[in-house]
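Shared chain: chain A. Partners: chain B in the first complex, chain C in the second.
Take a look at the complex of A and B:
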């Protein structure tokens, strides 16, 4: 539906051209995209500000309860460190070259990002109803955000102090309530679309288009090259294999990050932007905006230098190889795909690095930093 | 092979190529249209025709007149004949921005020359028959270096150079009439060219199976991208490893400063009290360097009129001299900026700046090597070793001298002398300077007329990056 929307925007442009208000209207459209980005940044700012307050309270509570190891005090975040984080998040989103690019390209990804940002804001503020509605809107637009249901539910449960137990009645009641709100609003929106168009054709042409990947125009994702090369009769199987990636990691992540739903949300956003069928750089910008929020993990990151170099080099090589392939005609699609592959592998390593760092920090917080083995050698953490 | 003996010298059958070649026009085997084009004004005329033919306007050239079209052009041969007898053919392959035609077209030309016994050369050099002796290797190296220099200039080495960006494979064939005894007449030339045309006529699809990235040490041998790119990669690796080392040093500074490794409480008080400069301290040098680069790109052309009004120079001289002035002024400007902002520079500061400059340089060079390998290679070979060793401590004046030697302008001057040496036509220093000015003017002209990227690339990216290294040198 991103293409659908962009066609719509183009049609708008054409009709506006006819009215001879060309200059003004192009500016108007440009500003509307800019405005969307600014709204996203504001939503992220407010969300992170609120999250920081919650985090601080939680930290204080855990210190009072003596849950942290005595020598782990230096790992605890101070309000001084946390003060500038919301601003950094907003600036990271607005000044990110990827955001600028998708804004200049007038990609509807900006709208999707704005809705997801509002969803995150509503979730962090603890509003079940708004959170469900924004999640439904995001799902309606690009389907993949439905995996964000799990982190949002976990966060809301945590906020309502409902413990996650299979036997607890409250837990099931709340889950059913949230799921009902979400599905209900999704059905309402879809039915509205039906009444607008008077046909169900939009379902296959929006969700079918996302799921079955018929459009193999090169992009920064993994799908196009693979399916362009494949024999037709294997394609269904591999579409399933590729699509399952987005949804597959949700359950193990939910089990591992049960206590940290916002980090879970960040990882899930990254997974969506890597494995979705038609990714754009705007998607990457959204999850990268959250990186300042995890700046306290910096000392545990192992190969952030190499990975950031890889990501930057790949981003620069994209246009160069695109030029060589499409305009100069001297390189071919393999060159471009090699860079796409490297870029995505780099992103995956970056996310797993953050994931590992997060778990490591949590471990140190509860067990203390200065661990000494029985045989007096330095300890080695093994991620299981 | 030696030219066939017994050819009539200076055959008079042909009045001119255009009159001579349609002798085959009546044949039924022509499956494709052949366009004969005689253009005026050299490259400008060619560009105007190409833009009109494809109905695009990329350079702002305006062309008039409508004419017939023959669909997508598959290949083009640009002929430069100055007499109706020749001793050999010389082929030019380097196009705009160093783009090369498909190697198959070059091979086609070479094999037809062989077949008809016509001598053919590349870069004006005849292949030696004893290819595995030392002098022959040196000969091939000369040819290769000439190709690298020509490709690196980004200047189209013939009319064919402008075809390449329209996906049309093209080479320029020059008829050379030297003092050699055996000459070929129009008949032989016609047979050779008709053969090439008939081969192209038989193509079902575009030439795409062969190489687009190659270097030619002779017409019968080539160096493929798979051979030269790893070597280039190793050169870039020097920068990356150096950057990695700096990163390690910087993070060990962090460790000392942070309380994470408080195993020994006796920390060096100097390192503790030294304010940790944030990334913001790198912004002024970055901005100043890039502003100088932008000035180098924009000011010469903007200030052209003002300069001609106030100084007794012509317009082209004004542009060239202004660019040189800005270039030299840039050396004096930026290395004072951070001092005004934060007093004396810290160790950490220059390390961060050097880290940034090295990575920036590595990225630029690897990007440009993909577009124009020779340009990337020339810049890499000169800049990388010095960029890796430069630092504000140690023999600073030696470093400054080395850094000045590898600045892109000096590289250009050096390349001009090397080129003349390889062409076996050495020039004096004064002539070299004249050529240098001319080369700058041509670089600017190429950019504004045909859209060559060499000048903007050097002005906006390489030069600021070099200035960053200059900043590193004068950090303290």
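Take a look at the complex of A and C:
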């Protein structure tokens, strides 16, 4: 980042004599994007720090309540391990090449990421009001963060020690309160936009644009080539099928990860970045920043080496095949498409691998790491 | 045949033209009436029209039927509403540009099927009069061909108490006789049209042939026309003094000596390359950049007037699939930035409307103004490409409108003796004349998907989605269990039975 910055500054200083005004603008814009990224990193740092404290307390409580298997102590996270995690998360975000790329490209994804980071911070700090406002802002901006409502609500409930029961009055009261705050602030923001523009045209131009995918400019996602090659009369059906993917996993995930809302948030962010209609590498950088938080899952990951190779190789091949298609003309669109496909498969496997590892660790924590089989042979854990 | 303009059709003034080839302003001089390559239609609707877009759509469909042209392809993606470049012709007091619609179809080429209906609008069709010369096989064997129809309301008489509609048909053809006649520049009606004139149309009140015989150098006569013209007309047209030999077909004296009129023009001595004077205003346009991602449209506007600066209105229409970056717009004259005094920019909407950029630029005397704007190319749906996608997409020519100061004093002439075409170039306050120019249409390549594999793409992408669904479904619905030892397959069981019989411990 610093190298990029210094190159940019140097270039600007050279041109300073000629175009004083313009250069100032460029610097200003550049610094504002840089600043947004730094704010995101700080928010993530504070959020993870607080989350670690909560996690530690929860662990302690569960040990005291004897919920963990007696031989699972080696799986329990120690404060020593957890000490550097917040810093790692912040650095993982700032030094991630994807973040650097989206910053250099001056992508507004940085702003979206910052708002989501602030939302996570507010949620983890337990501020219902700020959490709802930031979630409304993120939704207003790109619609998909709507699905983060569920993990945020679960976390806030957990923090307020409200049990999640359908019959509990407190649960419904809090849910309605949070949803009301969220919807209220969303309506306020949308109405402000209306008063600013004096028309509702921005609704189809912003949300219609996200949902109906009219722009097929190649990106790292699955949508562009699929809809460029789609038969016209099936288009609507497949738009629905593809858009539903982001929203589709939320409720099952909420049921499965009821006790672990932050992991749920991470999985949901990854799903958004895979299945949103115009994904950018900045979205990937956001969920990848959370990877150090799950460093205790590392021993349970099955094919992390292959997957990281796939992701790195694909990231390197993106510009190569883009150049071959667009500039050299020696390849066609299928080459670039193949790479986006592989890249997304890599991301999907990475997330499901983390999910698998998380569930496996939870199992070992409650059932003990030394599983016993009836015939005293080596135990094999399978999903059934 | 033509819809009566005053009653059913709501159009105020309309102009429809179609051209093939490109008028090379620099070498051919100022065009009398340039039509852009492709088809152009612009209409001022009367202010009584409530739904202008519907009327525009109806009208373009009607005209498409009348002229056998593909004007029905005019829709919102190529229609614009210019704010300053076009003014109503004739006696109209509508000035609200909401009633104006303008469209160019740059891909449309004019051909015989457009000429026939055009000729049928003439009173004698192509049976008599000047129109007998218009034989399709000769007209389209030319370097440039354009035909246009203008309709406008005019005064019926001098008192101007009632309105008449004027239908004006214009045909412009450029024959390059130098290339087609082995280096000879001489021409005649017979050579060009393979026809001669025999009579005027009986319905015509005026039927005249004007031959430009003006020579640059006063002392030497370069040209020789035969038969000798009965009268010579001197006029200043487009800031230039011209001499015309006039042949009036209604004058019986013309057909006294021979029964037909075959105007023959001979150059007196072999010509060293004596080109026309470079016109005061001309322009050219091109696309630069490489690759299929971005590009730049550059327009060069020349003012060759030795000492007068004048403003020019530039109208650019760019289709939506070229995404213009308006912040990259630069206008440079003589190395300095030239700030336009008026800018109207309407950004495009995908699949709805094109970009519209209108600017009033001051051109200093004897200068070249370079206008650059960058764009990005969009990837379209595979069904939106033309049948021949790697040929490229056409960008309609930009329109330049200007009041060009004339280099000579224009003398006011009597309305009566003025030839008909002179009314096309009304001069303003005697020192300038109006010019409308069109630049070249551009051909831009867009990135293309692979048209041969929609099924493969659908299958592969759906597989990826299914992979995601499958792995999440597994993780969400199943729980972990310790695998219990299996009883073994059939082979194992058989082996154990045999082992039992042999008295060996089982596997």
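Following the convention adopted for this analysis, the second predicted complex is superposed on the first by the 363 of 384 C-alpha atoms of A that agree within 3 Å, B and C clash if a C-alpha of one lies under 4 Å from a C-alpha of the other, contacts with A are read in each partner's own complex, and residues count from 1 in each chain.
One rule holds for everything that comes next: a residue touches a chain if its C-beta (ideal position, glycine included) is under 8 Å from a C-beta of that chain, and two chains touch if they have at least 3 such contacts.
Quick caveat, the model's predicted, so the values are computed rather than measured.
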For this session: Please indicate which partner A:327 is in contact with in the superposed arrangement: first for chain B, second for chain C, both, or neither.
Result: both
Exercise. Is A:174 touching the first partner chain B, the second partner chain C, both, or neither of them?
Worked result: neither
Exercise. Just chain B (first), just chain C (second), both, or neither: which does A:344 touch?
Worked result: second
Exercise. Is A:247 contacted by the first partner chain B, the second partner chain C, both or neither?
Worked result: neither
Exercise. Given the touch rule stated above, what does A:305 touch, chain B (first), chain C (second), both, or neither?
Worked result: first
For this session: Classify the contacts of A:356 with the two partner chains as first (chain B alone), second (chain C alone), both, or neither.
Result: second
For this session: Please indicate which partner A:317 is in contact with in the superposed arrangement: first for chain B, second for chain C, both, or neither.
Result: first
For this session: Scan A:74 for contacts with chain B and chain C and give back first, second, both or neither.
Result: first
For this session: Specify the partner with more touching residues on chain A, choosing between chain B and chain C.
Result: C
Exercise. Thinking of the overlay built on chain A, is A:256 touched by chain B (first), by chain C (second), by both, or by neither?
Worked result: second
Problem set entry | Contact residues common to both interfaces of chain A (with chain B and with chain C) | 327, 329
Problem set entry | Complex contact set, residues of chain C against chain A | 290-293, 350-351, 378-383, 447-450, 453-454, 457-458, 460-461, 464-465, 467-469, 471-472, 474-476, 478-485
Seminar exercise, completed: chain C partner, complex, touching residues on chain A are 214-218, 222, 224-232, 241-242, 245, 249, 252-253, 255-256, 274-275, 325-327, 329, 332-334, 337, 341, 344-345, 348-349, 352, 355-356, 359-360, 363, 371-375, 377, 379-384
Problem set entry | chain B-touching residues of chain A, taken from the complex the two chains share | 74, 299, 305-306, 309, 312-313, 316-317, 320-321, 323-324, 327-331, 369
Seminar exercise, completed: Counting only contacts in the complex, chain B reaches chain A at residues 99-100, 164-165, 167, 212-213, 240, 243-244, 247, 258-260, 359, 363, 366-367, 370-371
